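Given below, in the form of structure tokens, are the structures.
Heads up, the next two complexes both have chain A, just with different partners, chain B and then chain C.
Moving on, here comes the complex of A and B:
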């Protein structure tokens, strides 16, 4: 069995250089690489078409060439995606597909089109109102249109049985990753937040069969020599960050302050793996259903869901994880998050659940300053353990 | 049993050390000024506070550090952030305080606290030096005056001017152009302090004006900063006698909690009240609470037991 350290070495390498992985895969297989923007593209479809589906990641590099195409008040992810396009880093992608989920993403897609005039950029409109009687029908229409465009691009039909096989493979991948999550909550596996991110983020890039093998090996090796978590460590839930992965140094810092991350709803975390696609029946129906189900599984503020609240979901998830506090990671200029955050804040204050808001930026991170805030937050939680709760509501400690 | 605990605040511009006894009373305190990377000041403050108290480092039951350099001190058993320590120290100094405004060398923070000195909510200046002691330092340099003089000069401002930039570097440019336009030092400095006050108001609103406000940190000794902050807040600020040692005191008190918990866990009786009283009575040949009239003091003295009782009954009254 591959040792755990070697598995993480592979996953970390993919996360650090997704396009490098894609170039090597393309050379190795001679097949297409289809890029997509987060968060709603059904990668199963591109996989069924024989391509490597790759979700475009925010890069580490400072934005330079991209400044000429997108204003600095766009979120870090969109600016980085455009910057990578402008620098030629996305050249390995044969096509880019995306469904709209916010205004900034739409702007970024236009800028990518300008930067990559020879790359096919396929746009698909997704219904954002999730509770209407016509939502399911409309989402199916969008996915069918997407399939049509994809078939047009590859010049052949994407067969239903290939779709079903891809769906099954992706489901197995999600299930294996969810098993790791479960084991972490139950204390059966010691995984840092950085390692968990490596697992999920790499699955957005790698050949899925190859990735599944590594994750299943991780699950199998999990219970060996489990170090006991520090008794006084604060159990934390991480929330937010939709399109980009939080910087690993930030995750290290949070855990280094004396916390263990026991759950999250990050896109580069549980949000991405929360929901499986039905394996029976018409795959297009199943994908349309999946689009709806994943938003009730882990609600997203980019969608309008009247019957499930994100804040109620978070409080419930934290109860199940026995989390004592939540850190909200908000990417600067992420409008959907900014709009929804006040509701989360209010609900958490009402529930007496401590939470800390950290705004993150692509360019800079005042890590020492953040550390003081995180440590204070953890001290607040630790010192309140056992102290009869005063009437003063705890809450946002921005 | 060791009978003292030390708190050290290793800040960006000053180092503070406090020793408290088992009742949490300040026995000695010291403040030393330092360079950005020097830890000489912290050793100086520690040495000074030990000398004042006629104690040695080994006499400390606990030593807790706070401040930017909190992790750099080998003598500290534990460290806590400035936010946790200022909250605890400020409420110890001013028990009715429910809002702590702390403006230190490199950061400013507002903390909503409960009656136990526990943090309910907090907000900090993010990223830059806006609204901190550093901001004042940069502008003092730009105006070629001593930092300590700034407050007094600003209090003489006659005219309201505006500095809109929060960034110390941009504010420096504004200050220079205001001076070039012929505005007096007093008026420009008034505007500098007004700018700190506006920034502080923003931080206060993030945690809420939840009750009496106490100001701690070095900038609390700057009259103009206090004046302008009170003006924007519309409430008076309570100023402890020694606002700059609130963090170190808080660290010491948190250390004391920890030390007492450890003693209790190991089954040791904490007889601090009796012991301290006995020592006081013995030292002064007097009774608890005596203010020159032991007969009167004895009537109101708390019930005494054991060792203390026998000791007191043998004492020679002093008149």
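Moving on, here comes the complex of A and C:
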């Protein structure tokens, strides 16, 4: 069995250079690579078309060429995507497909299309109002349109049985990753937040069969290195950060202050793997259903759905994880998150559940300043231990 | 050597249209009607974005356009209390300032009405009109392009404890990828038009549920007849501004947004635009200029900076620059009256919602803007990079590049905002505009 350290080495490498992985895969297989923008395009579709589906990631490098296409007051993901396009880093992609319509993403997509005149950029807007009588039907129509354009692009139909096979493979991948989540909550596996990010983020890039093998090996080997949890470590839930992965140094810093992350709803985390697609019947029906179920499972502030509450979901998830506090990671300028944050803040204050808001930026991160805030936050949680929960809400600190 | 840019002149340089003064009274009357709504037992609907107001007005529902309320507060420099209330609740400053201001009104509104909750019980200061806004009985969300619009409505509903019925109309972005794609044409356009029209029919059923009455279609037809006429007059008057010197500027058209966008669709708006059209025609006949010594003609790309409207009008006039057209004023607000069939208005209304300029992806949008720049023979484009309205800033760099490469005209950008003046940098505007005008002078000199 591949040792754990080697597995993480592979995953970390993919995460650090997704386009490098894609180039190597393309050379190896001679097949297409189809990129997509987060967060709701079903990669199964491009996989069934024989391509490597790859969710475009925020890159580490500073924004240079992208400055001439998008203003600095945009989220790191959109700025980086445009920058990568302008620098030619997305050249490996044969096409880009997406259905989300966050206003900043639309701006980025438009700029990417201009920067990559030879790359087909396929868009069909997914309905984001999730509880209308026509939401399901319209979602199916949208996926059918996306599939039609994909077929037009590759010049042949994407067969239903290929779709079902891809769905089944992706489901297995999600299930294996969810198993790791379960094991982490129950203390059956020692995984840092950085490692968990490697697991999920790499699945957005890698050949899914190859990825599945590695994750299943991780699950199987978990009991071999069962940790002794540090008794006083604070159990935390990480929330937010949609289209871009939080920087691993930030995750290390949080855990280095004496916390263990036991759960999250990050896009590069549980949000991405939360929901499986039905394997029977018409795959377009199944994808439409999945799209709706996903938002009920882990509500997303980029959608509007009056009958589910992200704040209630978070409190419930934390109860199940026995989490003692939550750190909200907000990508600076992310409007959907800024809209929803007051709801979360209010609900957490009412429930007496502590949380800390940290805004992250593409370029600079004042890690030392953040460390002080995290340390005080963790101290506060520790002080609460053993004290009967006071009625007075505490809410956000620092 | 560069030709010197004309030095700024004393205040009063802009020769504004007289006929637009009527807008002030109509707007005041409208808001008075809104503020009286509850006393008069009327249902109130909050909405943002698309001009769905005729649907509401026909059903005798009082309509409150969120942007309009925020813009009005900003124009009166009364946005402070609402923005402070929003900030207090946790809405961060980088969020759309229209939304933030309007959500702040909702927060204030809750506070002042919710006397039983001591944390929220408060008495509004007399001058705080943010709290005067009557709470909604329903919310309709029909926002083209900008996801922020839909989320704003959702959050409004949540602020009111989700007790208020909300109806969502999804208006998809025109991505224009098909070979037949173009402005108001192609399969994507046809399909999207039908999709939006279907939802508007459903919206009417929602309105019927709220009023408990059959929908008065005849009334809607009558109102849309007025809208169509007003729109035609407005476009006719705008068209006349191709004349040199221009008889009116973007600032006159900004003042005229409320009459076309959210005032009651009675014959008053037809009269308003008849007067505007007549005055513009008269100015063209006599050669009267909106900027007395018009030397430069500019296009303004960006949403208006409402707390700076009059000030900007003066500033550009003092530079002898006539801002003759803009994306916000000349490409939106019942922009295609020909699509409206008053006898069967729903499809044409939906299509007008779809052609909100931002709702076209860059290939179509840029062609339209270049067309306007040519039509009005502009020397340059000024971009107002509205910090919190990314819907407007999204394509700006691409527009600027095309303006330079396709038309060979000058461009400049300055940072500001729709309703939060703290983002505004005066010095930057001065130096950038002056540099652009100098470049225009230089180009003219070298052409000789």
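To be clear about the criterion, the second predicted complex is superposed on the first by the 391 of 398 C-alpha atoms of A that agree within 3 Å, B and C clash if a C-alpha of one lies under 4 Å from a C-alpha of the other, contacts with A are read in each partner's own complex, and residues count from 1 in each chain.
The rule is simple: a residue touches a chain if its C-beta (ideal position, glycine included) is under 8 Å from a C-beta of that chain, and two chains touch if they have at least 3 such contacts.
Because the structure is predicted, anything quoted here is derived from the model rather than measured.
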Fit or clash between chain C and chain B when superposed on chain A
fit
Give one of first, second, both or neither to describe whether A:372 is in contact with chain B, with chain C, with both, or with none.
first
Once the structures are superposed on A, label A:256 by its partner contacts, choosing first (chain B), second (chain C), both or neither.
neither
Larger residue footprint on chain A, choosing between chain B and chain C, goes to C
Could you tell me if A:187 is touching chain B, chain C, both of them or neither one (first, second, both, neither)?
neither
Under the stated touch criterion, which partner chain does A:383 make contact with: chain B (first), chain C (second), both, or neither?
first
Could you tell me if A:88 is touching chain B, chain C, both of them or neither one (first, second, both, neither)?
neither
Smallest Cα to Cα distance in angstrom from chain B to chain C after superposition equals 8
Chain A-facing residues of chain B, complex:
68, 80-84, 107, 112, 114-116, 118-124, 126-127, 206, 210
Residue numbers of chain A touching chain C in their complex, please.
68-71, 73-74, 101-104, 106-107, 110-111, 113-114, 121-125, 127-129, 132-134, 138, 149, 301-302, 304, 306, 332-333, 335-336, 338-343, 345-346
Listed in rising order, chain A residues that touch chain B in their complex are 359, 364, 366, 368-369, 372-373, 375-376, 379-380, 383-384, 387, 390, 392-398
Along chain C, where are the residues that touch chain A in the complex?
89-92, 94-96, 99, 141, 145-148, 150-155, 157-158, 162, 166, 168, 170, 172-173, 175, 177, 195, 199, 202, 361-362, 385, 387, 390-391, 393-398
